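See the structures that follow.
In the two assemblies presented below, chain A is common to both, partnered first by chain B and then by chain C.
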Partner chain A sequence: MLLQTKAVLGHKLRLLSMDLQVAVFIIVMPLVAIVFLADGYAAPRAVAGATGVDQVVPGMATLFGFTIADSVGYAVFREHGWGTWNRLRTTPLATWPLMLGTAAPFVVLGTLQVLLLHAVGYLFLDMQFTGTWAALVVLAITAATTGVALGLLLVAICPSSEQMAGLVSLLAVLLGGIGGALAPTGRMPAALEAVAHLTPQFWVVEGYKDVILGESTVVDVLPNMVAVAAFAAIFFVVAGLAFDRNAEKSL
Partner chain B sequence: MRGRPPPPPAGPPGGPPLELVGVQRRFGDLLAVAGVDLVVEPGELIGLLGRNGAGKSTTMRMCVGLDEPTQGRISILGDSIAAGVARAAVGYCSQHAALYPGYTARRNLEFFGRLYGLRNAEAAAAAERVIGLLGLGPVADRHVSELSGGYERRVHLGAALVHDAPLLVLDEPTAGVDIESKERIANTMRGVADAGAGVLFASHDLSDVERICDRIVILSKGVVKASGTPKQLAGDVAELLRLEMETVADREAVRAELASLHPRVNGRLAVDLTLREGETIAQVLARCEAKGLRPARVHAVAPGLESIFLRVTADDEAGTDAVAD
Partner chain C sequence: MRAALEITRHKARLMVDDVQLIAFLVLLPVLAMVFFSYGLLPPPGGRVDANGADQAVPGMAVLFGFLVADSVGHGLFREFGWGTWQRLRTGPVGVSAQLFGLVAPYAVLATVQVLVLHAIGALALGMHFSGTVPALLVMATAAGITTAALGMVLVAISRTTQQMSSSANTLAIVLAGISGALTPVERLPGWVQGVAHVTPHYWALQGYRSIVIDGAGLAQVAPNALCLLGIAAVLGVVAIARLRRRPTDRSL
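And now, the complex of A and B:
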């Protein structure tokens, strides 16, 4: 089974590397947004030296990071479109290596996106970075896993990639906005601020800010990680329950 | 997984490449496969025929684990198809090509080989063997998206052959391909069977089936209506009578008046009639006489597979087809 898992993982990485638009959307788009929006924002927290870029970088990383749900979902829909999804099901390959192979490259991509955006912010845009990179990495992995889990959930419930793309856009902007990816939650009405806690984006973006502005380490961001991981677990469980392996999907 | 039924029981250990026992598949009110019993022995190439909707594709899908029987048992070498070991023993070629368009033909073959547990070097060697077998040399390093339909179908078949499976399940592998590719695919299927694998091959191409298959199974309304060699099947089916008429109008009159004998136009003026069981040539000629139809010539001819097929599946209703096939 190890050989097959390795084969699927290599295969999925190769497919991802052939699909440049995913990397453009996940990495280049937020980079552009950060450059243009950095000066238009106020500092998210009353920390000496903090500026708008300390809101924009973690915010855009979170907002665009969750659109990875669309990319992972599209990867599954595309297999349906090529007819290879059913072909894979006729091989001795179990479901879990297939799903692991599908998900893992996107978790890696999502993590790289967060690291790259924060590195650009830190090196070129005077973003603060008072915590540890390790804390950022573990949070980024958790956030990317949650985005991937959301993608698998949407694959399970959507019959077409178009429907899924629409839902991802809506959820990314709506939950990202409520969760504080577009503006600090402290500036929202009290009711909305309370609701923000019910979005995974809130825990992610606050975790990133804790790292860059609050000197947070891995241990400090554990509560955020647990909260985000809980969303991932819920998404995975619901996806598993809703997933019908015989369902026909259209690209 | 939603409502997945328990895996069907396995057959006796070390059984034939493929065995179906009382297999049924129901979709709501539609009984797509109504009880199929079938054994594919090693080295046997079986052609599975049936009109659209007869249950061929549903049967094929169940044989490779893409669908589960509502009732009955399917076993591969004695193991339930639900078991990984059974899946490893099957090479499957679906009705539509299922390949990665951005990969070369060679990379597709190697990837599928690796999914069946071949190491990199083994997969490369297996891909090379299949490339030679199917005449893919000139296109082996071209992307599948750039290949003609015929070459694409060959690569698709190659992906089923790459792990040397003892059972091949091929759903219309020659559909819509050029003559050269069709010939190559047909010869490859025959060669694989001659080498000892069991092959189940669904097709609408009766000439291919008649030419290369050891045995023909005709499905109609989800059950096996006839099974045997073309010669055996011809024995089961009434004689074919060819009437040569004087004019096209006479030919059309025969078609209209003797519709119950499944008249088929053969050339400009001839009509082939399939005699019903127990019906004699004299009786048919008497019916012609009674209706004022006077053929210029009458021949009794041995029925070809096409006639056999049409006769065996004559009861099939068109229209219920697309759901099941």
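And now, the complex of A and C:
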């Protein structure tokens, strides 16, 4: 199984390194959003020295972090479009290595995205950073894994890449918005604030804010990680159950 | 002209069936606008009781309004992919009439989108609306025409759908940012404020904003609308000139 996963992984990495569009969406878009939104917000928490950028960086890292689901999904749909998916089906490759090999590079990419956005915020935009980078790294890995799991789930249930892309955008903005990625939950109506806890984005964005403003370490963000990981587990299980490698899909 | 209208009617019928496109063009900006209106600071100047919605609604109308260029691009590339562009080229209809017919429904859609966003903003999010409806209608129409022309140019200069789509998305967010659609332009660095004036996004945003918070009427937004139409005319001429040559070597 390990060998099979490695083979798929190597192939996906090669494809990914040639794909400029993925880099644009994953890195350039959120960076641009952060730069232009940095002065548009008030500070999310009453912490000395905190500014709007302390809302924008964690918020955009969370919002765009979940759109990694789109890239994962597209990587699978493209195989259908190229006709290479049918070729894969004729090989002895099992489903799990195929899914893991496809997903792994995007977990790495999603994690790097979060770290890069926070680094840019800290180095160039006067974002606070009072916690530890280790806490940020483990949270980012958990968040990226959840985004990727969502992508696999959507691949399993959507017949076309268009449908999947539409759903990813809607879910990212809807759940990200409710979760506090676009505005601090404290500024939203009480009804929205109440359901915020039911989104993975809430735990991610609050975790990032705890790290940059609340001096949080790995131990402090553990509850957030557990909550986010629970969503990832649900997404993975449903994806595994719903996934049919023989299903016809269109690019 | 008759031919262009006939193409428009056909294209509009196809678009009505595309529920996903409509949902994407309306649902997504409405959601973003709702959440941004809770988070964004009010625009400076103008009225003292300005709120986050006064910044978020015109801002999202500009950001998502110009994103319609991506849908225009996909619509045209699909015509190349289906071979229907080539088939029409063998008939007596000119390139400009054909293009006009194909992109006009998108201009209408973009216009309606702007009106819907402002209506929801005023009715449900506490956005002020101190100007006049005809002023907003004229601004929204001018912006809709500009976004359609932008989509045509992106198709004319891109080899593949992916290239066009990346350019449309990146341009939309970068130019929206520079124009002040995300953070008011007054709070951006001086050099950005200078660059802002050459983007259509800036003229659209200032128009919407003056209607929302400064009570602008038709006469006040006329220069903004004319500026947008001027930019649209230049983009349209470039697109037609390029697409008249070899448009069909593009891949879906």
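One rule holds in what follows: the second predicted complex is superposed on the first by the 247 of 251 C-alpha atoms of A that agree within 3 Å, B and C clash if a C-alpha of one lies under 4 Å from a C-alpha of the other, contacts with A are read in each partner's own complex, and residues count from 1 in each chain.
Basically, a residue touches a chain if its C-beta (ideal position, glycine included) is under 8 Å from a C-beta of that chain, and two chains touch if they have at least 3 such contacts.
None of the values given here were measured: they were computed from a predicted structure.
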First (chain B), second (chain C), both or neither touched by A:Leu174: second
Contacts of A:Gly166 with chain B and chain C, given as first, second, both or neither: second
More chain A residues in contact - chain B or chain C: C
Contacts of A:Asn86 with chain B and chain C, given as first, second, both or neither: first
Which of chain B and chain C A:His11 touches, first, second, both or neither: first
Partner chain(s) touched by A:His197 [first = chain B, second = chain C, both, neither]: neither
First (chain B), second (chain C), both or neither touched by A:Leu241: first
Contacts of A:Ala94 with chain B and chain C, given as first, second, both or neither: first
Which of chain B and chain C A:Gly40 touches, first, second, both or neither: second
Residues on chain A lying within both footprints (that of chain B and that of chain C): none
Complex contact set, residues of chain A against chain B: 3-4, 7-8, 11, 15, 18, 82-84, 86-94, 240-246
Residues of chain C defined as touching chain A within the complex: 20, 23-24, 27-28, 31-32, 34-41, 52, 55, 162, 165-166, 169-170, 173-174, 176-178, 182-184, 187-188
Residues on chain A engaged by chain C in the complex (per definition of touch): 20-21, 24-25, 28-29, 32-33, 35-42, 52, 55, 59, 162-163, 166, 169-170, 173-174, 176-178, 182-184, 187-188
Sites on chain B touched by chain A in the complex: 1-2, 64-67, 84-85, 87-88, 90, 92, 94, 96-102, 111-112, 114-119, 159
